Amino acid sequence: MRNLLPILTVLLAIVAIWYVAAIGMNSTWARDQAARAETRLSAGDLVIQTLTLERPVLPAPHQVAAGLWEGIAGQKITSKRSLVWHGWITLSATLTGFAIGSLAGILLAVGIVHDRAMDQSVMPWAVASQTVPILAIAPMVIVVFASAGITGLLPKAVIAAWLSFFPVLVGMVKGLRTPDRMQLDLMRSWSASRPQMFWRLRLPSSLPYLFASLKVGIAAALVGTIVGELPAGASAGLGARLLSGSYYGQTVQIWAALFAAAALAAGLVIAVGRIEAVTLRRMGLAR
Amino acid sequence: QELTLQLKWVTQAQFGGYYVAKDKGFYEEEGLDVTIKAGGPDIAPTQVLAGGGADVIVEWMPAALAAREKGLPLVNIAQPFKSSGMMLTCLKESGITDPKTDFAGKTLGVWFAGNEYPFLSWMHTLGLSTEGGTDGVTVLKQGFNVDPLLQKQAACISTMTYNEYWQVIDAGIAPEDLVTFKYEDQGVATLEDGLYVLESTLEDEAKVADLEKFVRASMKGWKYAEENPEEAAEIVLENDETGAQTIEHQTRMMTEIAKLTAGSNGALDEADYQRTVDILLAGGSDPVISKEPEGAWSHAITDKALAE
Amino acid sequence: MTGALSILAVWLGAWGLNIWLARFGTRATRFLVALIFGLTIVVLWEMIVRIYAIPPVILPPPTQIAASFAANTAILWGDFVQTIVKGALTGWLLGGAAAILTAIAIDRSPFLQRGLLPIGNFVAALPIVGIAPILVMWFGFDWQSKAAVVVVMVFFPILVNMVAGLAATDRMQRDLMATWAAPYGQSLWKLRLPAAMPFLFNGLKITTTLALIGAIVAEFFGSPTKGMGFRISTAVGRLDLPLVWAEILVAAIAGSLFYGIVALIEKKVTFWHPSQRGQRG
Amino acid sequence: MIEANAVSLTFQTADGPVHALKDVDLSIGAGEFVSFIGPSGCGKTTFLRTIAALESPTGGALTVNGMSPDEARRARAYGYVFQAPGLYPWRTIAGNISLPLEIMGFGKADRAERVRRVLELVDLEGFGGKFPWQLSGGMQQRASIARALAFDADILLMDEPFGALDEIVRDRLNEALLELWRKTGKTIGFVTHSIPEAVYLSTRIVVMSPRPGRITRIIDSPLPAERPLDIRDTPEFIALAHEVREGLREGHGDDI
Amino acid sequence: MIEANAVSLTFQTADGPVHALKDVDLSIGAGEFVSFIGPSGCGKTTFLRTIAALESPTGGALTVNGMSPDEARRARAYGYVFQAPGLYPWRTIAGNISLPLEIMGFGKADRAERVRRVLELVDLEGFGGKFPWQLSGGMQQRASIARALAFDADILLMDEPFGALDEIVRDRLNEALLELWRKTGKTIGFVTHSIPEAVYLSTRIVVMSPRPGRITRIIDSPLPAERPLDIRDTPEFIALAHEVREGLREGHGDDI
């Protein structure tokens, strides 16, 4: 709550800068148009024109807000013009990919902390795997899946999974290794078995780390889904919306889709945060 | 019978005939269940076909022949598009009036991902290098839209008569402020939007029979679309998942497309084919294809499909 | 059947070897284990492609990729310079510098921090690739727009880390400065900046891969006729998949190197940090 | 019964071998309370860990209750208490205490009964439902002792269990520990840095010295089993403390 | 000269106000060695921090050398030593010691000379080029004392400086500190948990008690200025320690 005022202030400043920038960036176009029509623009007209262009270089905040409102509330949510509908398509692929990715990350992490060979083999390549520009080869991934007869949600989800597995893996490995020597020794002095050590010590101590990386992972999954949606331009989803907006030069549509995606990202991160808070409180880890 | 068609680009009136055929039940009448897969900016239909993700693709002939030379045995089975819709659209203020003399030193926007071949052939016939410099042209990989022209980042950009050109107009630039060079007029037109399958598909008799039905129904769709552009545009709109298309734009596109499909009954015209091959072969040091292709087309399907 | 068996045999053999090697845990065997793992994947890839006759336009075998790599070094180098050196590196340096300066600027204002950081976290979670088309529209086709995308992508992660770093000094260390009546500049330069370095490098390391991703993806929205993103999409159109994979290989190598170099500098700069000391001994 | 014969332990480190223990001979009888004292790095912890089979000696022979330490560990002969309480924050105090019991497969009713009993023993009735961080440091440490007591191991090994507590709390816990030892008759090995603590608690004080870690003096305590806190102001106590300090100083080099 | 008149300090926390200090009256003369002892949370640290102007009292008056604590701080009247050495790990020992000197604008040659001198004072010649983490805990703590001495403040405030060290090292440092105090004649405020340490070092012992933090007893030491370590076995010493313990116990509630 005490952050509200600063946040609002900063937001206000951003909006103000945005308006000034919109006027600046759109003015060339407005002047050119006037020159083509061989009219002269007064300063007032210029401002009004730059903030109401059909295809602005930078749309003004109120234009984006109108675009968002139109996309969210102005349509039936089943309409193809509804941002809610596209958001849902993106969300479902994101969640599927996130589920696959985090599961893979967790399982790999479990393997890595329990098996030395796996630790030494997989870990260096896991880092390398993230330097593969999966985003640039997303179209190929889509095509390769299509060739196996798999289309729609899954190929996007796989790209999302690829991006989200890494933070989860790293966080989970770190988490599973947090129990210090003393805690492990205690377990050993009670001659606990490996599974007992895992379920009663490693897993619970890793949870705070897991949740921290899940938050990063779900944001990454959303990026992956959107990128997966870009090349398959005709399909639905916020990425497709971004692309078709770009294709038809509808900047307002791009920005509206972008803000919808941002809201989705924030919502997902907050949702994971909520689950984290509840889980940790149940476990007595939150104070 | 199930059949998958991979389009070259996003859902739009450019593919109106197929959507009409599906929507009007022409495929169904033939006993076909056709799945139409929309394409996208970086989806190469040839790759989809090679990977088995589709039975038939819509592709431009230069890309198809180039793929054929790469060892992917594509065969043209039908050619609903008679003429090319490609052109370069330039801002008048760039001072370009004649391609032969004025392109040198300019920046031109070009589509890649298999669509660059006609352009490269043209530049070759003009004797212009595409590596930049004062006696060559600087090439931009043009993205998805016409912004490079509007932002004056390029003197000319690639446009289709039926699509991007109108986006430039819609953006508020008057036709008088533009200069256009159609590939058809420059004598470098290559065949666009043909239907291609793998050679092996043609050896399968059941498939061939399906393809006959498919081509017949598709052509019926095309002809229907030519006559009813508004209805066709609406059908396209219904099939567009992004919800970004507008009826005005699609209707206009359908009207323009009709001009390109007008001269074709679906069968490939050998003379057109030969002209395309000649243009592509003329590539000099880095030709699109290096030798006369063989078996790159077949009338087997259209002969039967269009028999009655 | 025999194909599947031989694939399984290679895999089990390599894995067994690794399990045995991993027991030694020396530096050399660690390296060897990682190497064997990588090689095994490559060999299995080659075997699967050959045995199951996977069309090269879907997945080319590693040997073809290597051949293409060797044949196209000039193109690959040019693309590397265009995308990674000019686009990613410039953007990363600019974005990093801007983030560090901003962090220092807002360090003294808790008000600004409280306002900016939640928004920063929000923007950092944003699918920044979405603004690539916009920035390409603003900054043109060449590497400048790629660098701009990278700047935007790396700015907030570095900012958030740097701000956390500047706040990371413990109370005792700050109190010491207070008992010596140190002015702000001194305690910034002699305490907060050095103490912030491990955090800063954390941010710098995370953003190395982001920088590559940003530069490559931005090329998707328009580029000159060179660059890794450009080459990948054109080569796919030309069904030259070995070249595509050669570019991917370049990206992976460059990414690992980039990360490695930053990690190395980190080691030099934060030699005193327990995490680095541990690695030394 | 713990029997150490010329036990040695050398760690191989990057900087060469570290002789943490060298030729340690010691025999601890059932029911004894033995304290280990010595400067940092002299191997106190290592010796305790070796008894508990958390390290293996590189030389010499060590038996616990006639078995090898590892057998003894698997027979659950030890309760081990560390300097820090080391309670799991996601379990309540009762949950923490019952954890080793779960691992050892005690039945549910039995577990509840034992938890109740040891909570009472360490004076923590009514705190079973609290989480560790809701308790003070002294209470946490008592809970950690309760946990080590719950499964009734014969031998209790404690590695500086009260090192982090303040003097007054420490006094109280010392009293309580002594009481507990008298009541249960367990064998206790206890590491400490504090001379008064060692003297106050032990029946025998083992003074160690570093580089290599070895025993320099073993001091038997003549103090009675019954020891009020005031005993620390008696001359016997002071003399004993003096002797321990002497022992420490002679083993200690000139480096600090 | 430190003069506290009815000093109070209340922290406003989420759980309500905490009375860390209540009506503390104390006057410390120049050259005195005053120890503060008391259970955890009784406000020892808070009082020391208030003197050093790291906290501001919410009630009462406090003057240091006739100035307000904050003026005294800006006049660089304090050297402060914390429980942990708090050396900056990215600077060598010499670099750490010269840090306050750099901040206070001492010249380069002067800095080098002072660093040399205080390193000698704390017996760390030859270690100036090492990094803190290459030294043992005791050496680090001595370096941190050297740092507080380097700029020759009149007043030395030490908050459990030896709390983390083992007994023998602690003994040595106690001796060295006493020696230093006699040589330099500084005024020292010293927080400790250890009764023998307080008694051994101080000219006056201030016993505090918590909730609210206040002074319960002030004990003047009759011990001579010259104090060998053995003095701790003398009856005077033991009597004094006993008195301190009594004072502690009476202020201590029944909670542990």
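Note that the chains are named A, B, C, D and E in the order they appear, and that numbering of residues resets to 1 at the start of each chain.
As a working rule, a residue touches a chain if its C-beta (ideal position, glycine included) is under 8 Å from a C-beta of that chain, and two chains touch if they have at least 3 such contacts.
For clarity, every value in this text was computed on a predicted model and none was experimentally measured.
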Legend entry - Steps needed, at fewest, to go from chain A to chain B via touching chains: 1
Legend entry - Higher-contact pair (C-beta pairs counted), A-C versus B-C: A-C
Legend entry - Whole-Å gap between the CA centroids of chain D and chain E: 32
Inset, instruction - Starting from the mean Cα coordinates of chain A and chain D, work out the distance between those two points in Å. - result: 52
Legend entry - chain B and chain E: spacing of chain centres that average the CA atoms, whole Å: 85
Legend entry - Distance from chain D to chain C - Cα centre to Cα centre, in angstrom: 49
Legend entry - Multi-partner residues of chain C (each touching 2 or more other chains): 58, 133, 137, 219-221, 233, 236
Inset, instruction - Can you tell me which residues of chain A touch two or more of the remaining chains? - result: 57, 139-140, 143-144, 147, 230, 243, 246
Legend entry - chain D-facing residues of chain E, complex: 39-40, 123, 136-139, 142, 166-169, 172-173, 193-195, 233, 238, 242, 248-249, 252, 255-256
Inset, instruction - Give every residue of chain C touching chain A within the complex, in rising order. - result: 15, 18-19, 21-23, 25, 29-30, 33-34, 36-38, 41, 58-59, 111-116, 118-119, 122-131, 133-134, 137-138, 209, 212-213, 216-217, 219-221, 228-229, 232-233, 236, 244, 248, 251-256, 258-259
Inset, instruction - Would you tell me which residues of chain A are touching chain C in their complex? - result: 2-3, 5-11, 14, 25, 57-58, 115-117, 119-125, 127-128, 130-133, 135-137, 139-140, 143-144, 147, 219, 222-223, 226-227, 230, 239, 242-243, 246, 251, 254-255, 257-258, 261-262, 265-266, 269
Legend entry - Contact set on chain E toward chain C in their complex: 49, 52-54, 73-74, 76, 78-80, 82, 84, 86, 88-90, 99-100, 102-104, 131, 133, 151
Legend entry - Touching residues (chain side chain A, partner chain D) in the complex: 182-183, 185-193, 196, 200-201, 204-205, 207, 283-285, 287
